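In what follows, a single structure is set out as structure tokens and then discussed.
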Amino acid sequence: MRNVVVTDITRANLDQVDTLAEYGVATVHEGLGRAGYLGPRLRPAYPGARTGGTAVTALCWPGDNLMIHVAVEQCQAGDLLVVAPTSPCTDGMFGELFATALQVRGVRGVVIDAGVRDVAELRQMGFPAWSSSVSAQGTVKATAGAVNVPLTIGGQLVRPGDAVLADDDGVLCVPRQQVPAAIDAARARTEREAATRKAFLDGTLGLDHYGLRPKLDQLGVEYLSEQEYLRRAGG
Amino acid sequence: MRNVVVTDITRANLDQVDTLAEYGVATVHEGLGRAGYLGPRLRPAYPGARTGGTAVTALCWPGDNLMIHVAVEQCQAGDLLVVAPTSPCTDGMFGELFATALQVRGVRGVVIDAGVRDVAELRQMGFPAWSSSVSAQGTVKATAGAVNVPLTIGGQLVRPGDAVLADDDGVLCVPRQQVPAAIDAARARTEREAATRKAFLDGTLGLDHYGLRPKLDQLGVEYLSEQEYLRRAGG
Amino acid sequence: MRNVVVTDITRANLDQVDTLAEYGVATVHEGLGRAGYLGPRLRPAYPGARTGGTAVTALCWPGDNLMIHVAVEQCQAGDLLVVAPTSPCTDGMFGELFATALQVRGVRGVVIDAGVRDVAELRQMGFPAWSSSVSAQGTVKATAGAVNVPLTIGGQLVRPGDAVLADDDGVLCVPRQQVPAAIDAARARTEREAATRKAFLDGTLGLDHYGLRPKLDQLGVEYLSEQEYLRRAGG
Amino acid sequence: MRNVVVTDITRANLDQVDTLAEYGVATVHEGLGRAGYLGPRLRPAYPGARTGGTAVTALCWPGDNLMIHVAVEQCQAGDLLVVAPTSPCTDGMFGELFATALQVRGVRGVVIDAGVRDVAELRQMGFPAWSSSVSAQGTVKATAGAVNVPLTIGGQLVRPGDAVLADDDGVLCVPRQQVPAAIDAARARTEREAATRKAFLDGTLGLDHYGLRPKLDQLGVEYLSEQEYLRRAGG
Amino acid sequence: MRNVVVTDITRANLDQVDTLAEYGVATVHEGLGRAGYLGPRLRPAYPGARTGGTAVTALCWPGDNLMIHVAVEQCQAGDLLVVAPTSPCTDGMFGELFATALQVRGVRGVVIDAGVRDVAELRQMGFPAWSSSVSAQGTVKATAGAVNVPLTIGGQLVRPGDAVLADDDGVLCVPRQQVPAAIDAARARTEREAATRKAFLDGTLGLDHYGLRPKLDQLGVEYLSEQEYLRRAGG
Amino acid sequence: MRNVVVTDITRANLDQVDTLAEYGVATVHEGLGRAGYLGPRLRPAYPGARTGGTAVTALCWPGDNLMIHVAVEQCQAGDLLVVAPTSPCTDGMFGELFATALQVRGVRGVVIDAGVRDVAELRQMGFPAWSSSVSAQGTVKATAGAVNVPLTIGGQLVRPGDAVLADDDGVLCVPRQQVPAAIDAARARTEREAATRKAFLDGTLGLDHYGLRPKLDQLGVEYLSEQEYLRRAGG
């Protein structure tokens, strides 16, 4: 079942994905009950980008980018290409030529659990990339894989057509069906954050804003003076 | 003894800490006989910041930032918050809301042996952070820890009230009692560095400036022509 | 044989090295049949630099930069200093003072499989560095090593006098004798890349441009509709 | 949807799982077209065990084993407990007491993408464990998670009720519906391996047994004498 | 202050340390409220040993074991040597000759946050070692450090004279003054564990034994049938 | 130049290699002035083996073991197969079938900077393996590489025909031409170690045996009583 290319995937609604992307990765992640984050290993090739799109997925053999070529044909405007190798790989499987081909098609960026190269060119083109390494090491086009099958990165399942959001904090996957609910959750979270920010700017403490003091009592957290602490800690 | 909050810690003299911070992490580290560096794992969330402050410490359960809320209340102007988890953790325990609460109180920045998030916002706010990862992964507020107890990061002990300096080279802890001596050492080191820089700009070699040639002799380092080297290595 | 300094190494032709460096690491690496890349562990201390030079090599004991002082004397205009420790090391073996001494001599930059420090100063000076870590941790000058002997970084052999290229994608070593051929290969690769870029901008797919469709057939890659895929995947 | 416990999962046929387990992880993995391996990070706590069972899954907060207690109740004879944290964690979330509770219920072992402890006791009990670390660091019981939801380890999806096999080579997940086909594939693979082993013992080369020589020609692999190689490489 | 050797340290009572060591690392760690564990990076050079002793500490330069020679002289029967480098190091700083010198003096073993070598010989001698790597890479005797000063490994402070326990689960440090309390805590913990083990062997669940069901309710953990779960998850 | 197979390599004298191997990795490494160690990343697949042989080398694409098949044909009795991938790889590129083919030819074992599998079977066959990971993940046979060209592992150059030694401490490469000198050095080292061992068993300290006390003085190492140390360390 591995060597397949699925051709007509159902995508999340792009307008909704764009709305969601504006909230940013951390906020949507919190809104969703802290789920869907692809982990700290994925870092932006250059800082400052924030984007989102619908996932086209490619599963590649390590050191081999044949299936990325296959995936390009499946991409359309608003997509975000998500690539995973079948085993750990740091090679530069993606570079400026792929970025050119994708930018022409209106693709928003790339997320890859392996290496990217041509980082200076990607920055110049404004084609954002999130990857687990930067490497000039080139790859071959020799081994089959799959396009538009579910894959996992950082312990999270990414299904073709899911919404994928990315910014300086990393990458988030929101299952296609949950996008509308995620917008509501992100909006509510943003409003709560705005209220909290205002409270914090006014000098209110999180301990009070979130009502945490009783929990501290319950957990047996004890307040001591330095003198008392040193006395107990030892002669 | 773990679940304690020490409330009235003795801090290093802030004027002295500010004086010390201007010398930068690498220079003060050398001045102190190459001690106190918190290791290469801590990296700035965005480049270019240089700061220093008096340490308020928080010891947290992995995946749990309850004690950071407790620590905020213990922070005052000139402090720098230092957070360590009780076991390895990459989660985004600290973000923009905490930064807002701390900035209001005049806190200089955060140092955390775990993840930060909202990196774009931190950069925009000018609230510097040094961390061992960047991660959007959120945390809960469920488990007790400690505030203003000694903790260790990268093999170095950080005591509450110690001077903590941070820049693009990482983070340095200077024990509270050693701050005045550290200023003297950093000043002397800076003067020596200026003299060395001048000598180097004039073309003097380190071998001569530091008098290293006799040591090379003593260690048996041999100078060979390429031809002689190849003759011995090969054939 | 370890404690030697080779004094009169044969260097690649500097004009040719400069010509080669303009093509960038990834392109030359591809031109050479995907060889010579020093691996993803070496990262620029600050982004944006692209340079090349002739290698002067230093093999150091971990935590000890004595042999870098020795190497400085062997450096001349157009060189690029390449440093490796005899065992894994993250210490800040190289900083602003060394950079000053090297810049005076016309050295192009440093590549080190260990740590650098004074990152802010290096950026300000415009002296580029590629390293496997950033660390303020200082080093001693106590143990012998070698200068201008072959060493390896990231599985690649670097011989003194070889061409070393570096940019945001990392570091590449081109054996001295291969520099002329590498220029030809890089030029040819660049022309092919330009043609490919133009084709991609015109909407041609890599699948067609590289003639990959027969290979997919041969590998048994199958195209399926989403419906058919889900039907086969089960239930 | 995260805080759920699914109570009556459909399991793979245990007799079939037992049949499959005898073939070992590497053979079944090959039989399935090189799919389903949970990666090299999972290592046995002690060498020599080989087992298989039906997956009961637990998704836990880092540093928190509450949901393992919940999972125990869902386990029955022939199961194998599979635990993943919601973010990277090395803590000793599983030890001898859990093993006791599971062994009483006929559970075959544990697979955990975090730490185990009481390694000496587990060895003595004969309760095998595969984990990404060994750590005595204890955990709390404070935060919710899920039991018997799909989770991923090492880029592989594990669904409750799937067949999980484990031996000294690591851990493999076979989707529940594929177990019968996997048995056929493993048997066929085993027969092919036996034939290959016999051929190899008779001195036949893999080059001939697998018919690889034409491929080498096609790839342009060239056979050279040492003398010819050195002549081309060098001087 | 770094280059010192403290000669007459106050040690924990050895009889008490021996009593404590019998309880094992994990149990004492739990008894102490989950504190003092030196982390999962330290692994036994060979499995099966369990020991304890009073800490003699050595702080070494990376790649340099001079201070271990100094530390040997400070060791006496019942001690356990604890070694940390001043920055990350994997070299084989400790081997069979050191083990011989220490075994003659009645030292119990070695704990080192760097490499050991002569692993086969250590196993044969029955001299246990816990280390963060195994490496044959040799070291020099060129740079000063300290003996019997506090040092930290895995985020834990180890003071000379503290009790250090080690077994297959790793290494634990118990502050000297807390040894008597730790014995009481470990005994109580062991009794609780025995009761729990008995309950588990009788089929009682941890959920009931620890009274966790109300907490699950409070956290909103929901029990669902597979059918209901799939209905909600899917579509 | 990469896609070559060198067919008639010059090997180190096997009798001499066997003599050398008996001294063990750590001793020969020291005898050679601490050179040639392939680093702590290579670990034995099962403990207890000690062997040596003449290197046949294979350079493979990640995830692809085609060139190991080519290498087998080049192996003869007394060889030890050394495999490196062209970029970082953890896949199980070597297993029981390869071991069978090699054992028939009298090959001593395998050293691979990637993964091995069939660990239980290798142990049973007594075919030792040193690798940087254990992984069941299978590989393809699709991409060219090289056999019997120089390659590097852990910063060390391994040339075909060199002597390679391996035991529980890891792997060492001794250049072919240096084998006779290495035997002399190892014998001398062994005699010195025997004398040292005897001295240590008699209670002599390394400080005296190696005459290190003057060096400590010269380095300014100071001996203090605990009382004096605590007085200086702070109030």
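By letter and in written order, the chains are A, B, C, D, E and F; residue numbering begins at 1 in each of them.
Please note the rule applied: a residue touches a chain if its C-beta (ideal position, glycine included) is under 8 Å from a C-beta of that chain, and two chains touch if they have at least 3 such contacts.
If you're wondering where the values come from, they're calculated on a predicted model, not measured in any experiment.
K.L.:
Return the chains shared as contacts by subunit C and subunit D, ordered by label.
P.N.:
Touches both subunit C and subunit D: A, B, E, F.
K.L.:
Specify the chain most distant from subunit B by Cα centroid.
P.N.:
D
K.L.:
Compare the contact pairs of D-F with those of each option in A-D, A-B or B-E, and report the one where over half match by residue number.
P.N.:
A-B
K.L.:
With over half of the numbers shared counting as same, classify the subunit A/subunit B interface as same or different.
P.N.:
On the two sides of the subunit B and subunit A interface, the residue numbers are mostly different, under half being shared.
K.L.:
From the C-alpha centre of subunit A to that of subunit F, how far is it in Å?
P.N.:
The computed centroid separation for subunit A versus subunit F comes out at 41 Å.
K.L.:
Where the centres are mean C-alpha positions, what is the separation of subunit B from subunit C, in Å?
P.N.:
Going by mean C-alpha positions, subunit B sits 29 Å from subunit C.
K.L.:
In whole angstrom, what separates the CA-based centres of subunit B and subunit F?
P.N.:
Taking the average C-alpha coordinate of subunit B and of subunit F, the gap between them is 37 Å.
K.L.:
On subunit C, where are the residues touching two or more other chains?
P.N.:
Correct list: 1, 34, 37, 39-40, 86-88, 90, 135, 137, 143.
K.L.:
Under the touch definition given earlier, write down the residues of subunit E that touch subunit B in their complex.
P.N.:
Contact set of subunit E toward subunit B: 2, 33-35, 37, 39-40, 84, 86-88, 113, 150-153, 155-157.
K.L.:
Subunit D touches which residues of subunit B in the complex?
P.N.:
These residues of subunit B touch subunit D: 61-64, 86-91, 135, 137, 140, 142-143.
K.L.:
Which of the residues in subunit F end up touching subunit D in this complex?
P.N.:
Within the complex, subunit F touches subunit D at residues 1, 3-10, 46, 66, 69-70, 72-73, 90, 92, 95-98, 100-101, 104-105, 115, 117-120, 133-139, 141, 143-144, 148-149.
K.L.:
Using the touch definition up top, name the residues of subunit F that touch subunit E in the complex.
P.N.:
24-26, 29-30, 34, 37, 39-40, 43, 47-48, 50, 167-170, 172, 193, 196-197, 200-201, 203, 205-207, 210, 212, 215-216, 219-226, 229, 232-233
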